[in-house]
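Two complexes follow with chain A in common, the first pairing it with chain B and the second with chain C.
Presenting the complex of A and B:
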């Protein structure tokens, strides 16, 4: 039985923060008893989400603001909220690419949201009252 | 910009090039990953084995690049094989359906054997 959190982290809005974030997420996922594949999936989902903040939400902002993560773990779920101060986007309008057509057309981008949706059990995105954006990922600890 | 540590080592061996990658590939260094490997794939008739045994993490763009490396290499008359993929990365390769397009072998020996059963199209050295 495990109950953790919230574990709150504020990191610079730069690509070099990603390695630290992955380390925190995988450590907590191991403590929660997730198996190797599920740890790999939540690591990927969080890294892709945070990369989108750095590469897209903060695009054109100089310097990049920091962003926050809040992680909660209980017996059933591993929950991560990623809160940024960048541009909002229409998450629900995103059309999932078809493979291999997407890559045959020369695209190397656009795969991240597909992987986020594929690797977590629930994903929501909303604009907070203070104008920050919150992406919430929920992954069951076990299948 | 500080990047995540990544080592890409290419060795020309008997009839093929072995590219060994160590570290994590994320948005901080994915362009480095591309620029160090793609020129080898663009060389006509290249026979390349990508050893992924030392990779601790790959992001979505690096999976897309695996497909680009394979496609570019084969378009130029070459062969591109991937081997020693860690389980958690192989799991994502399957999730993306890349296993149906890439030639993924369990070990380096398997990859070399696979090259041996194909017609030698040339050298990239």
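Presenting the complex of A and C:
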């Protein structure tokens, strides 16, 4: 039986934080007993989510605020909350791209949320009372 | 977790870029710079050796699509070789395997330009 967390991390709101975040996430996912494929998927989802914070939520902010991660692991689920201090995003209005049409139309970006939805079992996004935003990802430890 | 090191190997009319490390939103501009330099020198036939690549984000893959599209307009292309199962999974999720040629070995990717 495993129960871990919350493991809380605060990182600079810059792209150079991404490697450290992936290292923390993959280490905890390994400890949780996730297989290689599932570790790769949660790594991708978290990296894309944090890239969106840096590129979009913090766009136009100088300097970028930090953001926080809180990770919880039990026998069933790997849960990660990504809490930022940037612009709120209309999560429900976002239209997911279709592939390969998205690329054929000349786009080269805009697929992060698609990848997040595709690789985790549950995703929610909410504005917190203190005006921060929380993206919560849940991935089952096993299929 | 190391940042991406890119080594260029000139092979006649084409270039092989050997990737080692991770390509994320922080490090992919390095790949973009390498690809832009090739394009500025009219070198539009590129093979990416992904054997040492341990992570790639959607932003980096987008840069590859952009280069491949422009290279094809000049009778060139960008092809991928030696993808790990993890990298192939990301490529497949985004439908890249339907757009970019993927080869198990670098030599096969190189030979395919001759055809």
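Keep in mind that, in the parts below, the second predicted complex is superposed on the first by the 143 of 143 C-alpha atoms of A that agree within 3 Å, B and C clash if a C-alpha of one lies under 4 Å from a C-alpha of the other, contacts with A are read in each partner's own complex, and residues count from 1 in each chain.
To be clear about the criterion, a residue touches a chain if its C-beta (ideal position, glycine included) is under 8 Å from a C-beta of that chain, and two chains touch if they have at least 3 such contacts.
Computed from a predicted structure; not experimentally measured.
Student: For the combined arrangement obtained by superposing on chain A, do chain B and chain C clash, or do they fit?
Tutor: clash
Student: Based on the superposed arrangement, let me know which partner A:74 touches: chain B (first), chain C (second), both, or neither?
Tutor: After superposing on A, A:74 lies clear of both chain B and chain C.
Student: Return first, second, both or neither, reflecting whether A:36 touches chain B, chain C, both chains, or no partner chain.
Tutor: Both partners.
Student: Just to be sure I read the superposition right, which of the two partners does A:23 touch: chain B = first, chain C = second, or both, or neither?
Tutor: second
Student: One more residue to check, A:99. First (chain B), second (chain C), both or neither?
Tutor: both
Student: So chain A touches chain B in one structure and chain C in the other; where do those two contact lists coincide?
Tutor: Shared contact residues on chain A: 14-16, 18-19, 22, 36-37, 40-41, 43-44, 47-48, 51, 54-55, 99-100, 103-104, 107-109, 111-112, 114-115, 118-119.
Student: Show me the residue ranges of chain B that touch chain A in the complex, using the header's touch definition.
Tutor: Chain B residues touching chain A: 1-4, 24, 26-28, 57, 59-61, 63-65, 67-68, 71, 87-89, 91-92, 95-98, 101.
Student: For a test of understanding, state which residues of chain A touch chain B in their complex under the given definition.
Tutor: 14-16, 18-19, 22, 36-37, 39-41, 43-44, 47-48, 51, 54-55, 99-100, 103-104, 107-109, 111-112, 114-115, 118-119
Student: Hey, which residues of chain C end up touching chain A in the complex?
Tutor: The contact residues of chain C facing chain A are 1, 3, 22, 24-26, 55, 57-59, 62-63, 65-66, 69, 85-86, 89-90, 93-96, 98-99.
Student: If we count contacts the way the header does, which residues on chain A are in touch with chain C in the complex?
Tutor: Residues in contact with chain C: 14-16, 18-20, 22-23, 36-37, 40-41, 43-44, 47-48, 51, 54-55, 99-100, 102-104, 106-109, 111-112, 114-115, 118-119.
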